[in-house]
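Accompanying notes for the structure given below.
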């Protein structure tokens, strides 16, 4: 049994803790939150120990690994501390909103053999993964275009948006990673555009966008199109489409159930989409824990690591520069 | 060019005439209707000759073949007359509502080498045919069950219903033929039940049913389930499903177009079904004409002939007896 | 927290125990199996107490309720014992394969106010339930036909089949319950047919069928069609379809994931179906535990109770008689 | 009856002539082709007059209108000649590959009240049109993104590609028009990228691309994404997707028929897509003729006219410049 401590007991940390508890080869070593009542609640629900401090967690030899689900600004510090304490890490995305801080963190943990896994959970979705696997297996022949559609069912709270680093760093970041996952080649060029159409006044105030399109290009000319919106009336739209000269693979949306209704005015009307990410990616979150347990117990590098977290952030920076300058930006310009 | 005369210029005769005109290897030799203005209208629309009588049509050496689309009670007489005149026939279903009359007709035309094709148009639908072809090609392994779903979008006019011979002879007759087409074995047993749920008062008055289920069984034990309703709010429901030990083939419904709408309350809502048979089976009607042209010009027996018309009627009789007696009826009891 | 003991630690008991453990308002009071190592394994996995005997479980005041997942022949005895001990029960279907034993059990527990819930898990499937809810809400207008398709992905082991009581009592029993659930009226007539097409030699030996069709009818004339096969190459086929004069609701199958592939030879090819019932009805099994917890804690009658278990068995008996006698059987003939 | 002459008797002209013949309110006034045998063949097939010259057609008072389906370089000359002769025109796209020639043509016909309709047939597809109608009706709320997917099933012949003007002017031109049709606002900015991945050697030689992505933007910030490939193994991929803050509308692909197959390895495998545009847009081509007949007989401006043909070409020019310069191009830069 692998004992994993969970830092951060908000909605996501709580879910991760339950998934660890349900995993046959893992247990929750303890939970911590700067807001003690949140940790107490999770501790009571799962019948696990509540820890007094990060230091206590990291000093505890019974803790085999750490899952970081605290707020974004703490991620880089905690990764560094975990590695220093000899604990493998599964960290929620992003590493940090600031590329310089990410690079400093990278420098600090350079050379470690401990697994550092990034929580790009969508890679563990069976449908999205089947698209990637179809590409890898050659079922699509030579890949030429990828389309990633990602729309949130509703606007996040304003406080969240203010701290989010903007749509490219917060929301598109998942799609940058998904595009990289499916493309199978590094991205060399980025172009992006952003509009304020859904919540124009708020977006203007935040200096952010609610509707964006990004096009990525690899050295060989493969193209990936990302389309995002910060809200979609019909729910959480999560699709991935890959075109090769041998075929097409699409990972389709998930309605909440499979009953379809037909009446005089229509046929085959399906239920609303699963809403929101905790429902839609429920199996993927469980599979992510499984991948982390495997990485730690086998010592093999995790499927998605620190470098992937950094690469996605670089694409976000390139997208921002593209919007600002109205031109295609080379990834090499960002660093 | 094969010159085909059309007897009967109602809605169906008119459509057949247009399909003949559009066929690259056929032309309309002339049209006739007991109601002269109906024939005149079709003649003017298609720029073809209007004939004065059936006798004139049959006596005309320029007429290579005849399509019978007149009212049901005239079918058997006209088939006999055409064969006597040496003209191949494509006759709309049914041959007659009365099995004795069908048998008399059979006796009269016995021994003819002329093609007599029955208008079971659904056999020419690309989707339904693909189900049958999957069975024939062994894609489904050994067939064990067939489900034929057939529902009209709305009730036919009362005058039509009164002359229809009842739901089994009028509506289920198509499904008996479809079941035979897919089963690939002759039916030996029939069980049926009928309800009055959609238009109870009218059905009571007519001694008819609006909702029926029929189960057919072949000697080897293959089963076919037919479900019918005389009206379906969501449109013309036409599906065929075949199960074998190697797979399943389903011929799905046709929405009027392929736009699907998603909103807050639902996703993937499709357009209403194509409504009614002239739209839904448009390509099938054209393919039916093609098959007739091929049969006449090559001298090969048509895909669906007189014996098929009789066999479907026998199953209708068996279904009626099953409903009356509350038991499984052997087809051999009907004759 | 409701403390539920689990009797029977086979595949299904194990799953129920895990679902109880995962329920926020329930805990596993203990597990028991006549084969001690099975109980030990579940006990270790979930960290729960292993009980020495049924008597010990029933005598324990800390046990609030009992889930019966032991072998079928023990069900009726255990229900009686639980009720005698004052423990609410959730019992896997069937109550017993013998109607007389079911009636004796009913007599023994007559008058109890304790919840006795039957494990017809499919009632808790979100899609199937949405069909029933559409009927109940009037979305379909007046219901006239129901089609229940249920096919197992592969043949059960011979030992299982020998003890199963035959396809109607073992497999169709779920569909009898589903038909009753959706029909909203009691069934008054039954007709059935059975074939030996998938495993003819084995079925002959067992005196059983591998392919059956059953048609049920209510007093008002509503019809329900059940089609079953003991194996389906393409996986676990579980569909429910309801037709009313206002619309159609279909609960569709569940592919394992939502990636669809298109290549030169085909388009939109989906993944195989979820296989088998533990995967397909995973959420339903969890919801079933939730419904039991609610019934026990609120004292409200469970959604599906002893009478439903008996009613489904009566329909199985009627189906057997119909096959034997080649006629429609009135449910009142069975009792 | 409107008498329409057809200039050009290649594959497309032939199809248009047949559609005119089948239209209840139109007839083919005559056909012409510079290659006489092509015209003779169509004349014989449809039983219509073969004309000796364009001049003879335009001088004939019995010709009410003209359909231009000859080669692209003749379009502008013929439009000018038709208008000079007082004949309404339906011209296949494009007007010309050269914007200056288009503008010269515009100047020549300036002020005419005669209908000049452009053959952007996809606007008449029921599914695509339903997307536009959903936007126009407000079913999607405020529109923010449109995705147009358009892929040919196979590479056109090299001779065709050499004369095509490149992918943006030849293939994407349809999608530029579709985007404009759905967006409901004029496009102000264009960005594009092109790759050589499917036929790299040939594309290099032609200076053309086989895989392109274009992003359009309107003044208010609406975005349209076009993705094209010159061949798609799975057939003719033609989809349109529109997102608004109230919903999503997708016009889905058309399989050749609706039979879906399930076997051990997959479920719901559909038939290949309709292949090619003459099949896929068959009803749309017929509806296009209908719209032209309506425009001419009512004197109302056609749904899609000269200005639309020019606007699409301007977007193609902007896309070419964007590719060349690696930047977002303002439509106003093109003129």
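Lettered A, B, C and D in written order, each chain numbered from 1.
As a working rule, contacts are C-beta pairs under 8 Å (C-beta built on N, C-alpha and C of every residue); 3 or more make two chains touch, one makes a residue touch a chain.
As the structure is a computational prediction, the values presented were derived from the model and not from experiment.
Between the two copies, chain A and chain B, the C-alpha superposition involves a rotation of 180 degrees in steps of 5. Taking the mean Cα position of each chain as its centre, D sits at the greatest distance from chain C. Mean C-alpha positions place chain A and chain B at a centre distance of 56 Å.
Chain D has its Cα centroid 41 Å from the Cα centroid of chain A.
With touch defined as above, residues shared between interfaces to two or more other chains in chain C number as follows: 233-234, 246-248, 253, 260-264, 271. On the chain B side of its complex with chain C, the touching residues are 141-142, 144-145, 147, 151, 189, 191, 193, 195-198, 211, 213, 215, 217, 220-223, 225, 227, 229, 231-234, 237, 243-248, 326-328.
Chain B meets chain A in the complex at residues 233-235, 253, 255, 260-273.
Within the complex formed with chain B, the residues of chain D that make contact are 18, 22, 24, 45, 125-128, 130-131, 134, 139, 246-254, 256-264, 271.
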